[in-house]
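Presented below are the structures under discussion, each in the form of structure tokens.
In the two complexes that follow, chain A is the common piece, with chain B as its partner first and chain C second.
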Partner chain A sequence: MVGLPARGKSFISQKIVRYLSWLSIRAKCFNVGNYRRLAGGSKPNAEFFAPDNIEGQRIREKAVQMAVEDMMNWFYEDDGVVAILDATNSTRQRRDWVLKLCRENAIEPMFLESWCDDQDLIFRNISEMKTTSPDYEGCDPDAATQVFYERIEKYVSVYQPLEEVLDKELTFVRLINVAEQVVINRIETYLESRIVFYVMNLHIKPRCIWLSRHGESVYNLEKKIGGDSHLSTRGMEYARKLPELVRESTGDANLTVWTSTLVRTGETAQFLPYKQLQWKALDELDAGVCDGMTYEEIEKEYPEDFKARDEDKYEYRYRGGESYRDVVIRLEPIIMELERQENILIITHQAVLRCIYAYFMNVPQQESPWVSIPLHTLIKLEPRAYGTKVSTVKADIPAVSTYKEKGTSKVGEPAHCTPAPTIC
Partner chain B sequence: MVGLPARGKSFISQKIVRYLSWLSIRAKCFNVGNYRRLAGGSKPNAEFFAPDNIEGQRIREKAVQMAVEDMMNWFYEDDGVVAILDATNSTRQRRDWVLKLCRENAIEPMFLESWCDDQDLIFRNISEMKTTSPDYEGCDPDAATQVFYERIEKYVSVYQPLEEVLDKELTFVRLINVAEQVVINRIETYLESRIVFYVMNLHIKPRCIWLSRHGESVYNLEKKIGGDSHLSTRGMEYARKLPELVRESTGDANLTVWTSTLVRTGETAQFLPYKQLQWKALDELDAGVCDGMTYEEIEKEYPEDFKARDEDKYEYRYRGGESYRDVVIRLEPIIMELERQENILIITHQAVLRCIYAYFMNVPQQESPWVSIPLHTLIKLEPRAYGTKVSTVKADIPAVSTYKEKGTSKVGEPAHCTPAPTIC
Partner chain C sequence: MSAILSSDDEEPDTGLDFSNSSFALGNTESTETATPPAVGNHQARTRKRWSSNSGDCRVKLKPPLADGVHTSVNGDYISPGQLYSTESGRLFHAGKILIVLVGLPATSKTLVSVSITRYTRWLGVRTNSFHVSEYRREKAAMDCIKVPLDYFSAKPTTEEGAKLRGMILRDVTDDMRKFFEEEKGQLAVYDALNIIKSERKRLAETFESLNIKVLFIESVVNDVNLLNRNVEMAANSFDYQGWSKEDAITDYVKRLKLNKSLYEEMTPEEGLSYVKYINFGEKLSVNKNYHGFLINKIVFFLMNLRDKKGCVYFARCGTSDKDKYIDDEDLNEKGIEYSKVLTDTVLEQINKRRMEQNDTPVYGENLASASSLNSLASENENPLVPTSATMKRTESLGKTNLRQYASGDGTDDDSFVVWTAPRKRTYDTAAFFLEKGIKVRQCSQLQQLHPGMVSDLSEDDIIEQFPTEYKEYMKDPYHHRFPRAESYHDLAVRIEPLLLEMERMCGDILIIGHESTLKVLYGYVVACSCHDIPSLKFIRDELIEISFGPFENKVTKIPLTVENKGERVNEPTNTRM
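And then the complex of A and B:
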């Protein structure tokens, strides 16, 4: 990363790590500020960051060394794929040092600069920072803001942005005021291009995402998986109740409804007075030869498959069907479009919602297929600068539970499920 | 489009139109050069393009007017979605005029500049131009080159590139030396972001793409569709022969092999001495409830579906399965990655190959599901500046035909198939 303090570097780093991890690409962020606090530079005053402060410089230098050392260990010992060195890297001299280090270790370097002259944006970042950064824990907020502005000034005097001509041999991306303008230079590999496309699509306008499963279906009642059945009587009741639930959660805000192409999500959305869009990519995980069967039937007819799925539910691919991993891959364009959009309500299926939820809530891959997402419940996600806030509203309409615990073919109220995390 | 002559504007325009059309987005290119020739400016000398040539300017002005008029008619009468005005649009004054026109007609304008100072690249474009442009038909090639350089000079004197500060209110993309550096400004809509990502991934290095179906499978012999069967004896023979066929076509060039996740493509690729990659997105069109059936069984069991599929094969979605349209959508990331890569050999399935072939060869949607792609045949695609060259090599190993003609459930040598176009 390259950029002055309060330019959203850590926000962008964390988003990238979350996105790549979700796609099963090992990614990790090394935040030099955290190492600086470890190295003895906690709760520093602004002077600490002055270019001529010898003690400050020594500690900051040590912090970078520690971060880089951990990063290298991670690459070699933990098979790391994408590491993010989250620091200001504000001078060409420092970047040359990073570059040399990468080249010596056969690491492909890409510089990602967040450049910002929108004062409102900077002010918002600082406000966020003073309440979340350990550097200002327990400080008076106004004093913290003042110290932070002074700290930024120390960097401004030496800061050298990436330049289209001077740095033309580097692989780099410059994000100007989030993604109002983007400059991309010498992007060469697949991963680089994925990351660039992802950051290009980020925005920081406040908005919410709502998630809901379809109402209870006839197949749910019959304990069958897959299929394309209609809603049950109680499922229809949920569909009729949904507009009210949504309105209570949104106020008067406008939104767009996304459904799958299956009958039960369309029926669930039918009374909502918003623009609607169908996505094939939101269809339920394809159970292949097991489509339309109950778990008991699957256990009897395909006992080995039944066991294999319990053992590694994320990787298990139904014969002629899909695994959770397959679903994540086909959901990638949905996630990309979700990042671009504002208010969206997604009405889809259990496995698909688990994958979408895992992206926003950073649920580890092995746990995501076991997260409990009950029927007749509206989930609200509020993306914030450093995570996502979750709240849920249960419609007061009974429904069966479709949760299947590990090691049994019974479905029912989960006793040992992975509870959906509500903060990340 | 914005750019001096010989900067690849028409190449980029045509690629975008082909890509969007393949994704079912109505797109069309309006090439002002073609209108200029109609308006009386055919076979012009360099002087014709001088900023102070009154007659030249009158004709060029008329050409733009004609192009824009046709473009507007196309938007309104043919439900056009993305029009490309392929012209130099070299001054800010001209671009302001286009901008005003768009705004008055509720059209979202995006400027795409191809800027190039790589003299080799320009020279290659000019060489291509003098052999393909109607302006130089029948001219001595050296003289044509000379005239073309002079013509470019006339534009250089007045050319105003897009600028990051001056034009910061516009939605624009600047491609610098193809996509070595890319500047993106105020990209706001989904379609804009798709187009930007697409052009970012284009390259013009010479390379080839080879396509092959898997060898004949056991299901092919049994006339069954779908499934995940092994190769037949003859199919295995094709797999053993494939390395030789490929080597004869590639010479010593290196390549990467892409297969689907199904057994028959892996078996076909097993003797190839190249790096291999499996893509779930390359799996055969999912026939849903009809998977594993013969066409005769489908006709008997699902007569209405059988008829509906024949009537609109592109749109027909198998119950619980996919349509050709669905396959195109899941192939989009494959096409994007193909554009980025160099030599690739794809071993996959009939329907999937029809879709990939349709992209490269600009086959209209309604025809693509009927294109004949026989077994045991290696297809070579060579992308050129203005189209794709195709050649095929048949392995001398017999195989059944899996081609099903319209209106029958019989498979066999096609009598009335859509022949695969071999030039586009």
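And then the complex of A and C:
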């Protein structure tokens, strides 16, 4: 990464790691700030970052050495594929050092610079930083902002942005004011192009994503999976209550509602006073021949399938239907579009929500199909620089549970598995 | 025999015309495997992910040799990689988009517009490209007029030229509007000079007032070699049929000069949304990027698009004794012989083409004739004739001040890589390439179509054991999944990353794969619709060569024969799925 502090570098790094991991590509971020704190530079003042502060320089130098060493070890010992060196790398000298090191190890690095002169954007990043960065823990917020501005100044004096002529031999990407303008130079591998594509879809404006399953359906009551049934009476009640729940959570903010093309999500969304879009890709995991059966019926009729699915739920594909992996693949465009959008409320189905939830919360692949997402609950996701904040609101309308634990065909909510409001 | 079920069987008969089949649509008697009776399933899904009539297919038994990228698409077109469809028939909720190419002659505008059309169509976007040059040629032919030279200038100097230019541009604009308004079009690609600022402004205003987003793609070439190459390519185009090369180049350079002084390069101050595409993707800059997923996807594609000198070769893998899906068998004798013949034929083909291309460096005296090919190859311990790109790479190897090329990865003009599926049979078919030091890569995406429960069954067995499934399959062979199996559509979706990798390879690629994967890849390079793909056929006796042209891709079939005997390597045998 290249760029001054508060340009969203860590945010972008985290996002890339999350996206690649979601797609089963080994990726890891090495944040030099974390190493600096380990190396004895925790809670630094602005002077610490001055180019002529010898002690500060020594610690920062040590931190970057540690980060790079760990990074190279990770490449070799853990079969890493994409490592991100998250630091300012603001001078040409530093970048040349990284370049040399990489090439010695037969790696051609890609530099990704976030350049920004939009003062509002910078201010927002700083506001976020002072509340989430361990450097300013326990500080007075206004004082922290001041210190942070001073800290940025220390970098400005030595900062050398990537240049289209001088650096034309390097593989680099410059994001100007997030992705308003993008310069892409000498992208040579497919994976690089894919990362650039992803980053181009990101924005760092604050926004929220709300997730909800459809209201309780007739099939839910009958313990059947799949289908295209209507809402139950209680499901309708949830649909009526949803506008109020959403308003309590959003205030006056505007949002767009995305639903699947199945009847039950449309019915759930019908009272919401916002723009609505239907996506085929948000339809529930297709259970193929098991569509419309209860788990008990499936266990009886397809005992081998029932067992196979519990053993590897992520990979298991229903006869004539889909697996979780299939759903992830078809959701990819949705995730990309979601990254581009601002406030969105998604009303969809259990399996689809699990996949979306896994993406935002970094849930490992094998666990994602087992996440509990109860009916009649509104989940709010707030993407932040260092993770996503989750909170849930229960509608207080009773509904059946459709959660099925491993090794049983009975449905019912497990006590331990509700997504707790955490920062992941 | 239906093409999906049997592969090497060349009988041009029965299965596909399913109106004669005993499983014709009228036969709706249900069997045990049919949809469960309505009891307890009263609210089952009524809509399938695909409409059941999408298999209303045109019957084709052999791969079409013509590139379908210039065939207009109609409202019911479903394309191979289409992930889902929306009610409006428009993908990604991206609305309607007009892409306007901008740039001097010889900046590969046509290639870019054709490639975008091919790719977005494959993704399921209803795209047509509109080439002004095509309109002009048609008009000139129809009215029997000679087009004055100043017509080719963005600002014609004679009244005649101006009138003709105005008329043609108006026709194109009208057709594009019609495409959006009457033909459910989602993306139009407008291939013309568009080098004048005021012209661009007018276009943007006209179409934006119709609620169509406008994106400009400006192609700039300042690399002299690239420019010369483009001029040479243009001199081979339809316009110069029957001309001598020198005359054609001179004439084309005149067209270029006419416009050079008029050219107003795009700048951010113009306030338009545009992508600057420099030296064919060496550098890209995206400005005012507010357009949505589809546009980013196109930029993603442009990052991977290369002006390909090399060819893509498709070949089947060799045979093994049982040829079963489930066994990972060794090749049998015939299979080994096949792979030898394949290796020799491909290398010979590539060397022949490289000798014809004039950037081959000359080593001493011995390169003058094709007969010295072999001696040259062995001298360098490389079975391929080296080109200037090889020299460049050797020079930079291991030096920290120079860029490290991902060697053998196919980014250079002269690279040659063999892609195989991760199965022993396909991998072993490439053994002789490996022996000669050529890079062989196993790609998991090339894994053959998973046949599920119908693996290793003959068509008759399938009819007997899975009558309902078979009936469904015949209705829509592209999207149907047999129990536990993949559909062609599933295969296409998982192969997409490989398509972009294929686009970014400048050199030669040989893809050794199972028939099912070859069908899908072939479907992309020659723009087949999903109705065609399942019925394509690839036999073992033929190597398919795809060469890439700016306007269309060309398919050549090269017989794989054992030298001296003149007979084909493989007798047609009846293999199963």
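In this text, the second predicted complex is superposed on the first by the 401 of 424 C-alpha atoms of A that agree within 3 Å, B and C clash if a C-alpha of one lies under 4 Å from a C-alpha of the other, contacts with A are read in each partner's own complex, and residues count from 1 in each chain.
Heads up, the rule we're going with is that contacts are C-beta pairs under 8 Å (C-beta built on N, C-alpha and C of every residue); 3 or more make two chains touch, one makes a residue touch a chain.
Keep in mind that this is a model prediction, so the values were computed, not measured.
**Q** When the two structures are overlaid on chain A, which partner does A:L38 contact: first (chain B), second (chain C), both, or neither?
**A** neither
**Q** Looking at A:K100, would you say it contacts chain B, chain C, both, or neither? Reply first, second, both or neither.
**A** In the superposition, A:K100 touches chain C alone.
**Q** First (chain B), second (chain C), both or neither: which does A:R186 touch?
**A** both
**Q** Which holds for A:R330: it touches chain B only (first), chain C only (second), both, or neither?
**A** In the superposed model, A:R330 contacts both chain B and chain C.
**Q** For A:M72 in the superposed arrangement: first (chain B), second (chain C), both or neither?
**A** After superposing on A, A:M72 lies clear of both chain B and chain C.
**Q** Given the touch rule stated above, what does A:I25 touch, chain B (first), chain C (second), both, or neither?
**A** A:I25: touches no partner chain.
**Q** For the three-chain arrangement built by superposition, which of chain B and chain C touches the greater number of chain A residues?
**A** C
**Q** Could you tell me if A:E108 is touching chain B, chain C, both of them or neither one (first, second, both, neither)?
**A** A:E108: touches chain C, not chain B.
**Q** Please indicate which partner A:Q278 is in contact with in the superposed arrangement: first for chain B, second for chain C, both, or neither.
**A** Touch status of A:Q278: second partner only.
**Q** Share the list of chain A residues that count as touching for chain B in one structure and for chain C in the other.
**A** Touching chain B in the first complex and chain C in the second, residues 164, 168, 179-187, 190, 193, 196-197, 200-201, 226-228, 280-281, 286, 291, 319-320, 326, 329-330, 333, 337, 340 of chain A appear in both lists.
**Q** Within their complex, state which residues of chain B touch chain A.
**A** 164, 168, 179-187, 190, 193, 196-197, 200-201, 226-228, 280-281, 286, 291, 319-320, 326, 329-330, 332-333, 337, 340
**Q** Can you list the chain A residues touching chain C in their complex?
**A** 99-100, 103-104, 106-108, 164, 168-169, 179-190, 193-194, 196-197, 200-201, 218-219, 222, 224, 226-230, 261-262, 277-281, 283, 286, 288-289, 291-292, 317, 319-320, 326, 329-330, 333, 336-337, 340
**Q** Inside the complex, what are the residues of chain C that reach chain A?
**A** 36, 40-41, 43-47, 49, 83-87, 92-93, 268, 281-290, 292-293, 296-297, 299-300, 303-304, 400, 403-406, 409, 411, 481-484, 490, 493-494, 497, 500-501, 504
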